[in-house]
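Right after this note come the structures.
What follows is a pair of complexes built around chain A, which joins chain B in one and chain C in the other.
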Partner chain A sequence: MVTRYSLRVLALGYLLFLLVLPVGLIAWRTFARGLAPVLTALTSPSAVHAFEVTLSVASWAVVANTIFGIGAAILLVRHRFPGKRILGALIDLPLAVSPVVVGLALILVYGRFAPAGGWLERHGLQVIFSLPGMVLATVFVSLPLVVRAIVPVLEELGEEQEQAAHTLGATGWQTFRRITIPGIRWALAYGVVLCLARALGEYGAVAVVSGRLVGQTQTLTLFVEERFQNFDQPAAFAAATALALMAVVTLLLTKFLRPKD
Partner chain B sequence: MAIEVRDVTKSFGGTPVLRDVSVDIGSGSLTALLGPSGGGKSTLLRIIAGLEQPDTGTVVISGVDATRLSPQRRNVGFVFQHYAAFKHLTVRRNVAFGLEVRKRPKAQVRRRVAELLELVHLEQLADRYPAQLSGGQRQRMALARALAVEPEVLLLDEPFGALDAQVRKELRTWLRRLHDEVHVTTVFVTHDQEEAMDVADEIVVLADGVVEQVGSPHEMYDNPANPFVMSFLGPVTRLDGRLVRPHDIEVCAAEQPGSSAATVTRVVRLGFEVRVETRVAGQDVWAQLTRGSADHLRLDPGDTVYLRPVSNARTLAGSG
Partner chain C sequence: MATIEARAAPISAPPAAPARAPRPRRRPPHLGTGLGLGLAVTYLSLIVLLPLAAVVWRGTRGGDFWRAVSTPDSWAALKLTVGGSLLVAAINIVMGTVIAWVLVRDRFPGKAVVDVLIDLPFALPTIVAGLVLLALYGTASPLHLNLAYTQAGVIVALLFVTLPFVVRTVQPVLLELDRDMEEAAHSLGAGGWLTFRRIILPNLLPAMLSGGGLAFTRAIAEYGSTVLISGNIKFRTEVAAVNIFGRIENDEITSAAAVSTALLVVAFVVLAGLDLVRRWGARRGD
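The block that comes next holds the complex of A and B.
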C-alpha cells in the first residue's frame, strides 16, 4: 500500500514540476491582465505574420511528408529490393540528428555559395533564409512520423485484399484509392497529426535556415523567442500559450484517432 | 478448353515448385487440384489467376494467351482461403466492387448485386460489415463478389480450409449445387481427398510440382496410376507385397487358393465399419469389413484367419 501511494506521489510530483507548473505558469502569466492584452499581442502585424508563416511551413511539410510517407511505407512493406534496409535506416535518421545540425547541413547544400543553392538562386529560387529552406528543414525533422505510423498497419493489412481487388478488375490506382488507403486511414490520420504537431513546434532547424528575419521568415516559435529577448513578455507569453493550445488540440486529436486501429 | 496450362515451371528462390506442368480444364467443369501441402497446387492456381508469373510455359484462358496479362485483364474470379474481405465495405459494397471499378450503371449494379446476394443467401446481411459475419458467410460473400463480374473461370484457393468441419461439409454441397446452377468453369485447390471426390467432376493430383494423374473421381479411385495416387485418394494396406484397398480384402475362416495366413491382433468396431488388424508374416495388414460379415466370422485377437484380395480388386505393386 505504502509503495503504491508513494510511487503515485513521486510520478505526479515529477510531472508537476516538469510539465504542469511551467505550462500552467505561462498560461497564468498570459492571462494575468485579462484577455484584452493577449488579443492585442496576438493581432499585432508581426504576430499575425508569424502565424501565417508557421501555418504555411507546417502545411507544406505535412503535404510532403504524407505523400512521401505513403510511398515509402508501401515500398518498405510491399516490395523487395536491394537497399531496402538502408532506406529503412535512412528514414529513421532524422530522429537521431539534432535539428541544428540539420539546419547547418541544409545551408551547406542549398546556401547561396554552394553549387546546388547557387544554381537554384540563379534560376530564381532562394532556398536558405526563405520559405523553401524552412519547409525543407521541417520536412527533414518530421520525416519518419507518417512512415512509421503506416508501416505496421500496412503489414497487418496484408496483400490479399489488394490482390482480390486486382482479380476483380481494379487498376493499380483504383486498388490504392479504394482498398489500400481506407485500410490505413486511421494510421495515416494519426501520422499526419503527429507530423503537424512536430512541424508547428519546430525551432532549431528552422532557426538556422530562416535567418530569423522579422516579418519575413519568422515562425511562431521564433517569434516567441525574439519577443522574449526583447523584453516584450506579454507577446512572448501570448504566442507561447497559442502554441501550447495548438499542441493540446493535436494531442487530443491523436487520442481520438489512436484506439480505432 | 477453358484453361490450357502448358509446360509451366516455377521456382521460388531456387526451390522448384512446379516442374513442366501441363493441365487442360474443360469449359463448364468443376475441377479439383488435389495434393499434399507444398505440392504446388496453390502456386498453379495463382499462376492461372496472374497473381504469380511462371518462369517458363504458357497459360491460355478461353483461347487467349494470358501468360503476360495482369490479373485485372484476365477476367477470372479468385476466392482466397482467408476470404480477403474488404473490411471497410459492407457486404453489398464488397459484392459490387468489381462492377463499380468497371463503371457499370448504378441501376445495373444494384440489380446484379441483389441477384448474387440471393444466390448466396446473404440478402438479409447486405448492410453488415465482414467483421459481423461468420467464416462461412464471409466465404459466401467472397464467392458472390468473384461471380459478380461474370468471370470466364472461377478459382478457389482452399476455399473451405479455414472453416470448421460442419460448415465445410455444408459449403461444399452448396458449392456443388451452385456450380450446377451457374455452370462457370471452376477450379478449386484442396488437400482433402474426400472434399475433392465429393465436389469435383475431375481431379488433378499434384505432388512435388508434378501432375501425377488426371481423371474423374471414381476412375482415379479405381484405377490409380501409381502407389502415391492410390494411397492419397483412399486407405491402402499391403498384402503379399501389393497395395490393396482394405475393403477389397476378403477375410476367410478357412484357407483358400491364393490366401495368406494371418493372426488377428485387434478388432475395432466403428459403427457399421469394422477394422480388422492382423499380422501376416511379420507385416501389419488391415481389412475393412461390414459389421455383418465381421459378426459372422466371430473374430477375436489371437485367431488365425486367411486373407486374399477379392476377385475384382485393383492392386498395385507397392514400392516404399
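The block that comes next holds the complex of A and C.
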C-alpha cells in the first residue's frame, strides 16, 4: 500500500513539475491580461504572415508525404522485392537525424553553390532561403509518419478483398479507390494528423534552410523565437500558446483516430 | 504524438513470421513493383539519401574530420550532448517505468487524462517546449529555481522532449504481462521487491532498454527545446546541434558537416544496438 502511494506520488509529481506546471504557466501568463492583447499580438502583420508561411509549408509537406506514404506502404506490404528491409530502414532514417543536420544536408545539395542547387537556380528555382527548401526540410523530418501509420493496418487488412475485387474485373485503380483506401482511411487520417502536427511545429530544420528572413520565410515557430529574443514576450507567449493549442487539438485527434489495439 | 514511433514496431523490424517459414508461391515479377520501387527510391534519394551522403562526404573529406570534431568547442558540445543524453536516457528508464507502472497497475481519478498528457511533448513544437520550461525554470521562476543558462536546464529540456518514449514502450508490455507468475511468487513467500526484481523486471527490461535507446537518439539530436533555456554558452551549455547551427551561421560548412557526421555515427550505432535489443526481446518472448 505504501509502495503504491509513493509510486503514484512520484510519477504524478514528476509529470506535474516537468509537464503540467510549465505548460499551465505559459497559458496563464499569456491570458493574464485578458484576451485583447493576445489577439492584438496574433493579428500583427508579421504574426499573420508567419502563420501563412507555416500553413503553406505544412500543407505542401503533408500532401507530399501522404502521396509518398500511401505508395510506400502499399509497396512495403503488398509487393515482394529484394531489399525490402533496407527500404523500410531508409524510410525510418529521418527520425534519427537532428533537425539541424537535416538543414545542413539540404544546403549541401540544394544551396546556391552546390551543383544541383546552382542548376535549379539558373532555371529560376531558388530552393534554400525560400519556400521550396522549407518544404523539403519539413518533408524530410515528417517522412516516416504516414507510412508507419498505414503499414500495420494494411498488413492486418490482408489481400482477400483486393483479390476478390480483382477477380470480379475491377481495375487496379478501382480496387485501390474502392477497397484499399476505405480500408485504411482511419489509419491514413491518423498519419496525416501526425504529419501535420510535426510540420506545423518544425523548428530546427526550417531555421537552417529558411535563412530566418523576417516577413519572408519566417514561420510561426521562428516567430516565437525571434520575438522572444527581441524581448517581445507577449507576442512570443501568444504565438507559443497558439501553437500549443494546435498541439492539444492534434493530440486529441490522434487519440480519437488511433487504431484500437 | 509520435506514439506510433515508440509503440508500433518500426517497419524495419523483422517480420513477425520467421524467415525460415515456407515462402508463399513466388509471384511473377510485377511491372508495378519495379516502377513503384524506382519512384520511392528516387524520392528518398532526392530528399534524404543524397543530402545525408553529402554531409558525410563533406565532413570526412580530406582528413578534416578529426580536426573539426576535436576543436575545443565542438568536443565540449559533443561531450555534453552524449553525456547529458546518457543521463537523460537513464532517468527516463527509471521514471518512464514508474509512470507506466502507475498508469497500468494503479487506479485513481483522472488517470485517463494523465495517459493522454504523456504524449504532449511529442505534439508540442520544440521551441514552445523550450519557452514553456523557461517560464517555470528561467530567471523569473515562480519556484525560485533558476536553471536558465545551466547544464541542468539543458537536461530538463531533454527530459521534457523525451518523456513519452519509455512510458510508451513499457506500458503495452506491462499490460500484457501475465500476473499468474507474480501471484505464484507471492504465494511462495516472495516480497514485493523480490517479485519485481526477479519476475517483472526481466520481462520489462527489453522494452525499458528499447525506450531508453529511443530517448537517447532523440536527445542527442535535439535542438529547438535547448536553444532558449541553455543560452548556448560555448564550453558550458552548448549542445552539438547548437554547435552545428553556429558553424553553419559562420559559414564553417566543412566543420559543421564533420560534427554532424559524428552525431550521425553515434545515432546509427545506438540504432543498430536497439535492433539487437529488439531481437533479443523477441527471442525471449517466444
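A few remarks follow.
As a working rule, the second predicted complex is superposed on the first by the 258 of 261 C-alpha atoms of A that agree within 3 Å, B and C clash if a C-alpha of one lies under 4 Å from a C-alpha of the other, contacts with A are read in each partner's own complex, and residues count from 1 in each chain.
Everything below uses one rule, namely that contacts are C-beta pairs under 8 Å (C-beta built on N, C-alpha and C of every residue); 3 or more make two chains touch, one makes a residue touch a chain.
As the structure is a computational prediction, the values presented were derived from the model and not from experiment.
In the superposed model, A:F68 lies in contact with chain C only, and not with chain B. By the document's definition of touching, of the two partners only chain B reaches A:Q174; chain C does not. In the superposition on chain A, contact is made by A:G103 with chain C only, not with chain B.
Once the two structures are overlaid, the count of chain A residues touched is higher for C than for its counterpart among chain B and chain C. In the superposition on chain A, A:H166 makes contact with chain B only, while chain C stays out of contact range.
Of the two partner chains, chain C is the only one that A:L95 touches; chain B does not reach it.
In the superposition on chain A, A:G183 makes contact with chain B only, while chain C stays out of contact range. Comparing the two complexes, no residue of chain A contacts chain B in one case and chain C in the other.
Listed in rising order, the residues of chain B touching chain A in the complex are 49-51, 70-72, 74-78, 80, 82, 84-89, 97-98, 101-102, 142, 145-146, 148-149. Put simply, chain A touches chain B in their complex at residues 160-161, 163-171, 174, 178-179, 182-183, 185. Residues 3-4, 7-8, 10-12, 14-15, 17-23, 25-26, 29, 68, 71-72, 74-76, 79-81, 85, 87-110, 114, 136, 139-140, 143-145, 147-149, 151-152, 172, 190, 194, 197-198, 200-204, 207-208, 221, 224-225, 228, 236-237, 240, 243-244, 247-248, 250-252, 254-255, 258 of chain A are the ones touching chain C in the complex. Residue ranges on chain C touching chain A, taken from their complex, read 1-5, 8, 10-12, 14, 26-27, 30, 32-34, 36-37, 39-41, 43-44, 47-52, 54-55, 58, 95, 98-99, 101-103, 105-106, 108, 114, 116-121, 123-128, 131-133, 135-137, 142, 156, 159-160, 163, 192, 217, 220-224, 227-228, 240-242, 244-245, 248, 253, 256-257, 260, 263-264, 267-268, 271.
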